[in-house]
Amino acid sequence: MEKAKDFYEKHKLIVYLILFAVSLVVPFVIEQALILRYICTIMMYATLAGSLNVINGYSGQTCLGQAGFFCIGAYTCAALTKNFGVSFWIVLPLAGILAALVGLLVSLPTLKLSGIYLSIVTLGASEIIRIIAQTWTPVTGGALGIKQIPYPNLFGLELFRPKYYYFIFLIIGVLFLFITSRVLRSRVGRAWMAIREDQVAAKSLGVETSRCKCTNFMYGAFWAGIIGAAYAPFVNYIESSQFTTDTGFNVLAMVVIGGQGTLLGPIIGSAIVTILTETLRFLENWRYVIYAIIIILMMWVRPQGLLGASDSILAGGKIRRKEKEQGGKKA
Amino acid sequence: MIDFSQIDTNVPMLESKGLCKYFGGLKAVDNVDMKIMPGDIFGIIGPNGAGKTTFFNMCTGMYTPTKGNVYLMGEDVTGLSAERVARKKMARTFQNLQLFKFMSVLDNVKIGCHIGTKTNMVDSIFHTKRYKQDEEYVVHKSEEILRAIGLYEYRDTMAGNLAYGMQRKVEIARALALEPYILLLDEPAAGMNPQEKEELMEFIKMLNDGGYTIAVIEHDMKFVMNSCNRILVLNFGQKICEGTPDQVKSDKQVHEAYFGKGIIAGEAVKVHG
Amino acid sequence: MKKKRMLAVAALSMTAVLMTACSGGSGSSTGGGSGEASTIKLGGLAPLTGNYAEYGKGFQIGWQMAIDEINAAGGVNGHKLEIEVKDTQGDAVVSSNMATNFAEDESVMAILGDFTSGACKANAEIVDRYGIVQLSPTASAPDYANMSKYCFSIMGRQDGEAPYLARYILDKYLGAKKIAVIRVDSDWGLSCYENFLPTAEELGMEVTVEKYASGEKDFSSLITKMRSVNPDVLVVMDQGDSVAAIFNQADAAGWDIQHVALGPGTSEQLIGQLTTPDNLIVTSPFFFDENDETLTKWSSTFQEQSGFAPTIHPACAYDTVYLIKNAIERIGDGEITRDAIQQALDQSENTGITGALNFTEDGDIVRNYMICGVENGKWVVLEGFDYANE
Amino acid sequence: MEYFLNQLVNGLCQGAIYALMAIGYSVIVGVVGMVTFTYGEIMMIGAFSAYYIFQAFGNNLPLAILAAFTGSFVIGIIVYKLCYEKFFNAPRHISLLCTIGISMLIKNLAQIVFGPETKPVLDIIENRTFTIMLGSVRLDIKLLQIVVILLVIVLAGTLTLFFNKTKWGIALRAVSQNKDAAYLMGINVKRTALIGNCIGSGLGGVAGILLSIYYYSVSATMGGAYSMKAFAASVLGGLVDIRFSALGGLCIGIIENLGIAVSAATFRDVFAFGFLILVLLIRPQGFVSKKGVRV
């Protein structure tokens, strides 16, 4: 494994090129549209989980309402493209910006709250967003939802088949990874992580925790909005029941299973959860039983997720325990 | 490094006037006046529960005082939030170590450079000139500090894995990255062995020679008496004495309230003599 | 530690790849010839889990009963029938995925399902593009079947049932003037109400309406609200458990009012859930007549297999299989293709256990409705009010 | 006026059930120090235990309450062993996700075991309405509502006595205020937390049976929505103080019903959560002023 890492460090460009080539070929090698649809779904959830990971994994807040931002993005896209004929490509960033603005609104309580209180506020906000989508009939179609959402159009080519849609999700996903990794390796990302590790210390170093949390929330919401906008034409039909808190919990499970605070974790988590739920479909209710058992087992065996470091703060690693003992002695 | 020349040496670096903090009926800090002049190594001592850390917390904006004011270089900073106070060039460390334990030593110090840099999200996405300048500055600055404090070889180690004494040093390094005029150290020598303490004392003196004003809470009498030029003694939240080590030693009230029946006091006197 | 972790990751990703490969493999291997094959495969979409699980189960059993019967009697034109049922969780997106799955699988000749109008409408685009029939037993939204020539439904449309309710039950049977409607805020509920309102207004009724989110349990405030307008009849438009909940809570509040429901049909379960079942009147296109031997037999067989009493929904599901069978028979010696089934279905005239099933141009059917009430814990058709032929 | 008073009565009664749920919830959160999303399923198990008692022994309410309490109590032990015991010092999200997992597990197992259909719970309490005339204002109060409110008051009272007068109760309070200090005082923190969690769960079970009687039905999926309401109510009350949590539950019940009275029932949750967020913006710790739990 170390060797692989070394190889990656030395030949970054080659690794990227290979990955790029493989990802380009995938939709032409895989014939079954359904498999491609699943791959699309995986990429979609990977980005959504990634956006949640920015909030939960990198700044250590407990947001349970990612479904709400997702919902905003999807409805923005559906309403604008369907009712006003706005191009998908213009709607995409718009949806992100709108979601980010709502994210700002939701994050305002975070200036005062933390922990459990923050979780319930985000959870409540997500439900409120969903109910607004369900009742604001003129814009969102109310309980009817919005159906036959126009497919994106690229130079006259209607991107209907999963084969084309694959590239939309791929580009968004890669952009997300690229931009996020850059942000995380800068002053902004360091400030987020400082807040996650120790908020009091971060404050003492002049990190404007409130502002950082707000931008963090907005950033996460932005990408959730974008992926929501890409989701709407993909499924062609949206209604409010697709954005319940269960969706939020599901995405959270992906992040935690893959590994919070790692860039690749949400991708792995999304792949595992999606493939698991699809392949076990024939088990009906037992499928959820198995899924639940996997979640619990995961928390017992690897609480930091598959890709998380065993010694991270998110794992409640050894250092923490040691310190606890010391603290105990001192007291 | 830091330009200390523009500091007005006649204005107190940190001053408190009638500072109070009450928790319900408990008067944790009661009406404390203090003056730290630029260039001081200022010691704050007192028995456990005397309100030293609470006092620090009010000075650095962690707590809002119940009454009274705090002035930093003549400017009223009472009630400002901790991050605003930090921006006014006051850095601190914590009694019970608040390191970013799961980050590398270098990253710890890098975060200390937060207020010295201005990169925003757009800069970081497009790697603008500002981003590059900032990153260069941050790396350069952090490594310089780590070299000075003798932690350079541990820069990639996870902070939480270091020995206790080392962790204290990381915290100081992190605070230094703020480029502060004044440094507040809360029991920096706790948990260190005598040799480490000695080194730390030297290091603090060196910082002071370099122009930093330093305020330090410490239990170790030897440490305080030997390095500080002025000392504030607190007991039950009240100031009982402020002055040079000699003044403090000869103060009757201090003897009665703090040094008790003589053994520690005798030791302290002996050491100093 | 690190090694272990990487191993775990590797193992999991391997399983992932394998699983994908497997499902991919099965998809392609079943694709075979259609004309000469001795089994004809159908795809079933049903919410086997989730909020509508009991209906999904009903579908599954209804379909299987029909197929077993047909196969036991020698199949259709020598072909055996087979159905693969996929769980759609009552979720439109999952349903779309499953519909794509069936549409991509060339051995699947037609899709039966899904349960909700919403899911069926979400699939309309897909079945249209792939050119495969989606025959829903229960979709009743008026704007569903006309979405594509491949979309069919045999439930009957709300724009038939809702006006019937207004005209015959409320106006002629009960002579009500002031109507309180409590409806579920869903695709289905909205379109019911929208089809109900014009007729009611035309008949000079005064309608007050309140809606609630599906899954709502507490209706006391809605009932207090409705009570304050003092109506003659309380109409509930919902298919699920809320129907019983609303009437029970109205009873508990001591509100003595005529109960009318649109949606549940003559559900046996509903009787058991109500505190005052005798006070309920429903419209139903279908009725388990105790004197009808085939129906009784069917009903008891169903109950044996499922453990619960059938509603109209599994009966419709049962009929859909026979519709496909008839369509295949009509194709006769011609090659059985998806399009051939669509065409044969479009022209077919059938009678199922739920009554006459003749498709309109859109692909729905027009049902005849009955007024049903409860007597001694059993559904009965209220005699003397048969307006079917009016 | 009459209309609003009647809506107030509706709200009060629903609020009383919320209050009982919130009491159980805050006992759990207080003692364990972590959020739970299993509460809805615990209530469901309680309701089903009672349902089968009704099936077997007829309308025996005290026995049913006992069964509901016991059933949920046992589930509480399982939840505690799986979700909390190992994670007291771990980051919060670990046990949080565990509870989400358990909730999924119990819900789906229940659907398999009990069946997916809604089961009726009828005629447990006689359908009778009392009409009170306040001047010209007519107030209708159901017998059911009175029974529910009385039960909640009795349970809350018993619990308060238990917490203040018994050795176990005092230990529970100590643990919920400060685990380390309680440990130093010689309290077996883990066992106390287990007992506390189970008592909270038991109360949840009783709330579950009240729900099933009040709404005439039980089903495997009944828990979800109420779990969130219990959570919201106890956050409103500051998470650890049972009296304030009860108040939080009452407030949410009343706000919801009055909100519906002036708008539509589809907005129920908007009122509940909107009110919660508003209160938290003004008073970040909910109704209580002290911060009593590790958050």
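Which chain is which? They are A, B, C and D, in the order written, and residues in each are numbered from 1.
We adopt the following convention: contacts are C-beta pairs under 8 Å (C-beta built on N, C-alpha and C of every residue); 3 or more make two chains touch, one makes a residue touch a chain.
It should be emphasised that the depicted structure is a prediction, and the values quoted were computed from it without experimental measurement.
Among the remaining chains, those touching chain C and also chain D are A. Nearest to the common centre of all protein CA atoms is the CA centroid of chain A.
Distance from chain B peaks, on a Cα-centroid basis, for C.
By C-beta contact pairs, the most connected chain pair is A-D.
For this pair, chain B with chain D, the centres built from the Cα atoms lie 48 Å apart. Centre-to-centre, using mean CA coordinates, chain B is 73 Å away from chain C. Look at where the CA atoms of chain A average out and do the same for chain C: the two points lie 35 Å apart. Between the Cα centres of chain A and chain D there is a gap of 32 Å.
Contact of a single residue of chain A with at least two other chains is seen at positions 131, 134-135, 285, 288, 313, 320. Counting partner chains per residue, chain B has no residue touching two or more of them.
Across the assembly, chain D contributes residues 108, 111, 264, 266, 269 that each touch 2 or more other chains.
Contacting chain pairs in the structure are A-B, A-C, A-D, C-D.
Only residues 49, 51, 53-54, 57, 185, 210-213, 215-222, 224-225, 228, 241, 244-245, 248-249, 251-254, 269, 272-275, 307-308 of chain C touch chain D when the two sit together in their complex.
Against chain A, the residues of chain C that register as touching in their complex are 1-3, 5-6, 8-9, 12-13, 16, 19-20, 22-24, 27-28, 48-49, 53, 86-87, 91-93, 96-97, 100-101, 104, 118, 121-122, 124-126, 129, 185-187, 189-191, 213. Across the interface of their complex, chain C is touched by residues 3, 6-7, 10-11, 13-14, 108, 111, 115-118, 120, 122-123, 127-129, 140, 142, 144, 211, 215-217, 219, 221-222, 225, 256-257, 260-261, 264-266, 268-269 of chain D. Chain A meets chain C in the complex at residues 1, 30-35, 37-38, 41, 131, 134-135, 142-145, 147-148, 160, 162, 235-237, 239, 241-242, 268, 271-272, 275, 278-279, 281-282, 284-285, 287-288, 302, 306-307, 310.
Within the complex formed with chain D, the chain A residues making contact are 56, 62, 108-109, 112-117, 119-121, 123-125, 127-128, 131-132, 134-135, 245, 249, 252-253, 256, 260, 285-286, 288-289, 291-293, 295-296, 299-300, 303, 313-316, 320-321, 324, 328, 331.
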